[in-house]
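Shown below is the structure under consideration.
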C-alpha cells in the first residue's frame, strides 16, 4: 500500500518555529507508520508563493494538505480546488477562511493568548506603566486577533497604558528599527509586547543595544532558543509560546485521521491528537490545541535546545 | 591624360631631410566585410608636415587609429626611430610620443577643460595621487600656447564646438610628443581659429616635430604641407613632395580619374512662390528670418559655422518651436509644430548629422526609405511588405544606390550611400521643398559631384531646394539665390549673377555692417 | 576597377534584390529556435523527472505560474524595444487591486470592478508616460519611484487590512475555464500573444516602435511622433498591469498591499529571456511567449519535485545569463583559437 | 561640473536640514546630536552601498545584485561564526569583503568579457546570489545566541562616542572621496560613463574600468554583509530583500545620473541620508509606517525631476541681444 502523503505547508521556509513543527510532524508520522511528510512552503511570506506550492501539491496528488496561511482568503481558491480533487485540507497555526479548509487547529485559543501576553507584562509592573505593542507582518491574522483579545481584558489592568502599536512586518531589521523608534518616542516606556517570534528577538536586541536591559521588559511570544540570550541579559523577564513540536505533531495526527477517513470534520466532532489528547471542533470547525506555556530564567535552559 | 594603374608599387620616398621618426610598413587592417587598410606604408619626418589625402572611407582615420594604439593592425610593422615597436593601447602610443587630434571630438562634457586636457596622464603628487593644482596650471599654460582663451576650470559642456576642438588640440599637445597627427582638425573651426592653427603647425614644425595632417581641403594642404601621401580604397597609391604636384593631379590620384569638383547647376525654370517665411524668431537661436522660395529654385544658405542655420531649418521642419513668425505654403497659411506636420505639408529635411538624425543604421534600407511613407504602404495600420519593397526599390534605383539588397542594414553602407538612403526616404514622400543641411559634409569629391548633379536634377523637375552649406564653391556653384546668416539673423541676400566669394565672406563676418 | 559610389548617374540603374537570405535561413539562426530547443529539453526532463507532469489538469494549473506575468510582459516587450522600461508594473497591480477592493466596499459589481482595474492601470501608465515623455526623465528611475509610490498608496489605504469578498461573477477571470482545461487566463494569454504579435510585427505602429528603439532622434526627424508612441506604450503597459491585477485579484479573491511583490523583475527577466534587447530596438513576441512557457515549465517542474521557489529562481537566473552568455563564450573561444 | 553639483548638494543638504527641523519643531529631541548620530548610524549601511553603486552608475552600468550579495556574504560569515566561534572577527570581515569582491567580479567579468548589458547580468545574479543564501543556509536562520559575542559586539562598540558602524561608514566615505577625486581609476569612472567611446581614445580600458566598479561595489556589499548580520544579530535568506532599490534610489536622489558620468561622493552620501532621515522621522512623527513607501517613492520622483531640471542646459545663445536699446 502507498504511504499516506501529508503536506505541511508553512508560511515560509527557514523559520525556526516551523522547522520545529516539522519535527513534530515527523514524530507523528513515525508513530502512525506508513505516512510521508512533505514539508514545504514559499521562501518569503507571500500568498502567491503559497498558491504555487499548493498547485504543485495538487499535481502530486498528495493525500492531505495542512497549511499555515499567509493570507486567509487568497489561498482559498487554490485550496478549494485541492478539496475538489479529493485532497484533505486543514489549516493550523494561522487560519484559512472556512470555505477553504475542512477544519482549523489553533495552537491555543485566541482568548488565552491575548490574556497571557498582557499578563506577562503586567506581572512585572505591579505599579503600572507604559507598554507598547510590536506586531508582526501586516498580512498576518493571528496577531490582530490576539491584540483584540488583549484589549478586551485591559480593564483588569487600570494602571497599564498601551501607548502605541507598531508593525515590524516580521522582518528582523524593520522590527529592530520600530523598537528603536518606540524607545525614542516614549522615553518612559516600561515594556514592549511582541506577539511574534521575529519581533520579540529584534526588540530584545534593540533594548539590549540601547543599554536598557532590565529597564524595559520585552515580552510576548517567542522561541526559547532565540530568546535564551535575552532572558540571560535581562532584556526579557519572561515570554510565552505553545510548543511548535506539539503543534506539528497534533496537526499531522488530525490530518491523518481525516485523510484516512478515521474521522470527519464537523461541528462537535472529537478527533484524537495522539499524545496531545483530543481536539473538539466548534461551530466553525475550529479547535484549540492547548494553553501557551510561560518560559523564564527558571526553565529556559531546559527548553532552549528543544526548539 | 595618362591613367595611373591602381596596382603600381608606390615610388620610393624622395630622399630629402632627416631619417623618418616613424615609419609604417605593410600595415593591413580588416573589419568584418571591409578591408580598411591593405599593405600600406607611410613615413613621417621630423620638422615636416605630411598631408594624408583620400576619399571618404579610404582608410585615413583607420590608419590614425592604428598609429595611436586604438586599433591593432592585422599585419605589418611600426618603426620608431628605425626600431620595430607595438602600441597595444592608446596609452602606450602616447608614452612613445605619438599624439593625435582625432576626427571625432573625443572629450568629456561633464569634466572641466583641465581634466579633459590631462585625462589619463594627469601629473601625480604624493602616493601617486593626482596633483590638481599642477594639472590646472599646466593646462592653462598649454591653452595659452595655442592661443585659446579658455578657463581651465570651465566645464566642457559650457563650450561651443570650436572651443571644444581647441581643447582637443590642447590635449594632443599635453604630452611630450614627437609625432602629432591631425585628422581633419579645421573642420569645426572658424577662419581666425584656422589661421591660429596654421601658425601652431608652423611652430611645431620648427620644434622639429613630425606632423601627419589629414584634410579634404586642398587649399590648406598646399598652404601647410611639405609632403603628401594618397590613399585609395585602403591602399597607398602615391607619395611625394607637395612642391612636385598640382591640385588637379592630387585629385586625380585620389579618385583614380579626373573629376569636376563642383557640378554646376543646370538652368531650371523658376516658378511661383512655394514657401514664404516671415518673421521667424526663436528666443536664443535666431531672429526675424524672412524669405520666399520658388518652384524649381535652389536657395543657398551661407554662414560661418554656428550662424544658426541648422537651428532655423530645424524650426522650419518642426523639430523645435519658433517663438514667433508665420509661413505660407503655396500661398496658404500653414502651421508646423512637428516634423510629421512638416512632411504632411511637403517640407522635408536632410539633416547635417547623418548618423544620429538621418539614418537608422541598424534597420534595413527598405524600412528606412518607407518610414515617413508608411501610411501609404500600409492599409488600416497594417504593413504591406510588397508595397514597401516596391516603393523602396523605385527611389533607391532612381538614386543609383549601391547595396547588396534592400534588406541590408544601412549601417553597412558607405557614407555617400547612406546619404542617398536618407534622400530617397524623403523623395518617396513626394515633397515640395527639400532642405539639405550640409549635404556634402564629409563626403568625398566623387560622391559630392553626384549629390550636386542630383540636386540640380530635382530642381529642374520642379522641386524647391534649400541648401545649407559652409563651402563657398558649393554655394556659388549650386545656388540660384543666396541668403547669408550671421549670429542668428539674415545678414544679406544675393542673386546668383555677379556674386563673388568676397561678398559672402564680408556678409558672413559682418564687415561694414550697420545693424 | 570597381565602380565608385555616385559617379555613374545616368547609367542603367542596378536592380536591388529584396532579400539575400531567405526567411527559413534566418529562422534557423534565431533566438526563438534556441528557446524552443531549451523549452523542449525542459519539457522532456520534466516528464522524466516526475510522473505527475504529463497530465492535462496539472499542466493547466501550471499555466497560472506565468499567464498574468506574461500579459504584462507582452506590453513590456514593446516598451523595452522602444528603449524605455517600466519597473512599476507590480506597483500598478497592487494599486489597481486596491482601487477595485475599495470600489467593492461601495458595492461595485463585476463590470464596474473590471473598468476600475483597467482604469487605474491606464492612469498609472499615464503618470509614468507623462513623466518620461513630457519631462524627459529616464524611465528606469521614474518607474523605480512610481513603483514605491503606487504600492505605497495601497499600503496607505489598506495598512494591515485586506479587501475580500469579491462577487462570485468576478472569480471567472482568475478561476474560470473556457473549455475543458483551458482557463480563462490562458485564453486571455493566447489572445494577447496574437494581438501583440500582430501589433508589433505587422503594423505601422509596431514598425515605429522598432525605429524609435533604434534611433529616437532619427525617428523624430523622420516624422514619427516619438513622444506619442512612447506614451501609448506606457498606457498599454499600465492597461496590461490593470488586466493582470484583475486576473490576480480574481484568482486570490483578496487584495493585500503586498500583492505581486517582486514581479517587476520576473517580468523583465521574461522579456529579456525572450530575446528582447534590453538596449532597445530588437525583439519578438514569439520569443516572449516561448520565454513565458519555459519559465512556467521550469517553476512547475521543480515545484513537482518540491524544490523551494528560491532555488528555482537560481535556475531562472542562470538561464537568463546562460542563454545570452553561452553563444558569446563560444564566439570568444573561437576568436581566441583563431 | 563642480559648480552645478555643489549647488545640487547644497539644495539636498537644505532639504535634509529642513526635514530635520520640521520634525524637531513638533517632536523635541529629534534634532538632538545623540539622535542624529543614531540616524547616521542607522543609515551607515545604505551610505556604504550607495557609494559602491555610485561607482557603478558613474560608468553607465547598474548593480542590482548588491542586496543579494550582502545577504549571501552575511549568511556565509554568520554560518562560519556559528560553526567555528573561535575564528577571529577580523578574519571573518576580510572573508566577507573577499567574498563580496568575488561576487562583484563575477558581475564585472560578464559585463567586461561577454559584453552582456549590466542590468541583465545583475538581474540574473540577483536571483542566483539570493538563491544561494538559501542553499548555503538550508533555509535556517542564524540567531544571535549562535553568534559569538565578539562577532555581534564590534559594530556597536563605541569609539569617541560613535559606534564602530558609523566609523566604518565615515572611513568608507573618506576613501571613496580619495578614490574618486584623486586617483586615475576614479577619473576613469567618470570618463567611461561620460563618453565611453572617447574613453577608449584616452587610453582608458572601458571594460576593465567597469569591471573595477563592479568589484568595488561587490567588496563594499560584502563588508555590509558582515555589518548587517552582526548589527541585527540575525542572518536569514530574506535579509535586505529589495534593498538594492533603496540603494539606487539614494544615488538618484543624490544627483548621480543614471546615464553615467555625473555624480559625486557628497551627493551619494546626502541621498542616502535623505532616505535615512525620512525612515527615522516617520515613526517619531507618528506617521503610520505604511506611509513610508509612498513618501520615498514621491521623493525619488521629485528628486529626479529636480536634478533633470538642474542638468538641462540653457542651450547656447547665438543671438546677442542689445539690452540697452530695449
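Here the chain labels run A, B, C and D in written order, and each chain numbers its own residues starting at 1.
Here is the rule we go by: a residue touches a chain if its C-beta (ideal position, glycine included) is under 8 Å from a C-beta of that chain, and two chains touch if they have at least 3 such contacts.
Going by UniProt, the chains are B = Rhamnose transport system ATP-binding protein; C = Autoinducer 2 import system permease protein LsrD; D = Rhamnose transport system permease protein.
Keep in mind it's a predicted model, so treat the numbers as computed, not measured.
A comparison of the C-D and B-D interfaces places the larger number of contacting C-beta pairs at C-D.
The mean-CA centres of chain C and chain D are about 30 angstrom from one another, to the nearest whole unit. Note: centroid distance chain A to chain B, computed from Cα atoms, is 75 Å. Once the centre of each chain is set as its mean CA position, chain B and chain D turn out to be 44 Å apart. Taking each chain's centre as the average of its CA atoms, chain A and chain D sit 36 Å apart. Annotation for chain C: residues 155, 159-160, 257, 308, 310 touch two or more other chains. Counting partners per residue, chain D has 134, 139, 237, 290 as the residues that reach two or more other chains. The set of chain B residues that touch two or more partner chains is empty. Every pair of chains meeting the contact definition is listed here: A-C, A-D, B-C, B-D, C-D.
Taken in their complex, chain B has these residues touching chain D: 68-70, 89-92, 94, 102, 104-112, 115, 119-122, 128-130, 132, 153, 155, 157, 160, 284-287, 306-308, 311, 487-489. Every residue of chain C that touches chain B in the complex is listed here, in rising order: 1-9, 11, 13-21, 198, 202-208, 210-211, 214-215, 217-225, 281-282. Chain D contributes residues 27, 29, 35, 38, 42, 134, 137-141, 143-145, 156, 228, 232-234, 236-241, 279-280, 283-284, 286, 289-290 to its touches with chain A in the complex. Within the complex, the chain C residues that touch chain A are 50, 52-53, 55, 57-58, 61-62, 64-65, 155, 159-160, 162, 164, 171, 174-175, 248, 251-254, 256-261, 299-300, 303-304, 306, 308-310. Put simply, chain A touches chain C in their complex at residues 13, 38, 40-44, 46-49, 51-53, 55-56, 58-61, 71, 73-77, 81, 97, 135, 137-140, 144, 167.
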